[in-house]
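So, here come the structures, one by one.
You will see two complexes here that share chain A, one where it goes with chain B and one where it goes with chain C.
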Partner chain A sequence: MKKTNDVILQTVTKIISFIIILFSIHLFFAGHYTPGGGFIGGLMTAAALVLLLLSYDIKTMNKILPFDYKRMTAIGLLIAVLTAAGALLFNVPFFTHAYDYFDIPLLGETSLHTAVLFDIGVYLVVIGITMTIIQTIGESE
Partner chain B sequence: MLDIVVSIALIAVVLSMIGIVYRVIKGPSTADRVIALDSLGISLISVIGLVSILLRTSVFLEVILLLGILAFIGTVAFSKFIEKGEIIQRDRHK
Partner chain C sequence: MAFQLLLNFFLAFLWMFMAGTFNLANFIIGYFLGMLVIFGMRRFLSGRFYMGKIVAIIKLTLMFVWELIKANFEVLLIVLKPKMDMKPGIFKYDTELKKDWEITLLSLLITLTPGTLVMDVSDDNETLYIHALNIPDVNQAVSSIKDGFEKAIMEVSR
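Take a look at the complex of A and B:
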């Protein structure tokens, strides 16, 4: 295999992966009122990580982002179940969500909803499963 | 008036997509097919933009950015496969 130099791809990746991650965070938080949500936000974050994997390699990715993606999937499932079970503490049925208005400095009056916590679980599960599949296929000979 | 202009533009984009599909099927080398697929994705972006003008909605604008990102990542993956024979390397300094 001949020696190649990917300097253009790596420089472009350094800029574009941040734009993709920002877009995925926007999709995640906009999911309540506009198209988007945990699933597509997680897929876009995984796409940014896949772009990093394409222009670098698995060893560098494990060094700069030392996540155990299987553990990330487990934490996401745990957050989703705990959000659903938290409703039982207030004597309402399983999976009942609640929302209220809070005064947050810098943002003003904002409505916070417990569905976001469930969405964070979905987001972590989607990233964890996608990256587990891709890294497992990439590592096998 | 706007609908007529957008429909004409839509027909032009669809005709160019048919030409691109001809290049995907006929293309002599793999690189021709990869570039044709990339431009097919970009044409799809313009179709979505024109359709969202026709339907007078702005909920498809996320799809446009999404398709741009996916087309870029897909093209990079294909070209890395053509260049190096593997898509994800384990250690690039080896």
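Take a look at the complex of A and C:
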């Protein structure tokens, strides 16, 4: 089987993948007030990485993004657990979240919530698991 | 092109800092003044004046919209004809474009105008294989693409 010329697919992927990743970040931060959040943001980022995998190959992909996705899953779980356990330091029950309003330049008055940290954990776990599944299926010839 | 655009933005910001008021109106004024300065100094910079390239991009877009409308009506006529007297076929098209994005843009423009469809690109990126819905004359189809889209894309990347 001769390899076909994928010039069109690869050139389009170069542009589209950035747009998908930016949209996934938007979804991640939209999760508090509007539909979105860590899970769907992580899936969308993983979708961009899968698009890269489709138009290039696993070797190139590992060169572009040298992540160990199993380790990424572990780090995500660690962040989520530490966020939940941090409440114990303040003598409140496990998983109690804290939030406050801060005056940030450019954004104005913004509420910073510890749920964001938990969501970052979810985000990393979703990316790690999705990419691990797809790469292990793809590598087993 | 990219350098001139960056320089223009830098000059616009510089104008805002000199004027001391930071709003959109002042930025636009600074941008126009910077454009005038760059136009005056265009022989000093490499490449051509970047507004020419932007005009070429707008021309290409308008041309694509016009071709899209025209070609859709042609396909409509073919569909509504009671007699099937069209001549489908696949022809080779040797492109003069070199860069990846130029070839991709040309292929997508050809594919999006109904009646023609890019099937494959050769390994050396020099030949496109195009399927056409109705080609009574191959040379005419080739020359219409050459004078149309390819010329416009070359105008952009010149």
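As a working rule, the second predicted complex is superposed on the first by the 140 of 141 C-alpha atoms of A that agree within 3 Å, B and C clash if a C-alpha of one lies under 4 Å from a C-alpha of the other, contacts with A are read in each partner's own complex, and residues count from 1 in each chain.
Just so it is clear, a residue touches a chain if its C-beta (ideal position, glycine included) is under 8 Å from a C-beta of that chain, and two chains touch if they have at least 3 such contacts.
None of the values given here were measured: they were computed from a predicted structure.
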Overlay on chain A: chain C relative to chain B, clash or fit: fit
First (chain B), second (chain C), both or neither touched by A:46: neither
Which superposed partner A:4 touches (first chain B, second chain C, both, neither): both
Spatial angle chain C-chain A-chain B, Cα centroids [nearest 10 degrees]: 50
First (chain B), second (chain C), both or neither touched by A:79: neither
Of chain B and chain C, the chain that contacts the larger number of chain A residues: B
Which of chain B and chain C A:35 touches, first, second, both or neither: first
Touched partner set for A:139, first chain B, second chain C, both or neither: first
Smallest distance from any CA atom of chain C to any CA atom of chain B, in Å, after fitting: 11
Touching both chain C and chain B, counted on chain A across the two superposed complexes: 4
In the complex, chain C residues that touch chain A: 100-101, 103-104, 107-108, 118, 120-123, 125
Residues of chain A touching chain B in the complex: 1, 4, 9, 16, 20, 23, 27, 34-36, 40, 44, 47, 50-51, 53-60, 134-135, 137-139
Interface residues, chain A side, partner chain C - complex: 4-5, 7-8, 10-12
Chain A-facing residues of chain B, complex: 59, 62-63, 65-66, 69-70, 72-73, 76-77, 80, 83-85, 87-92
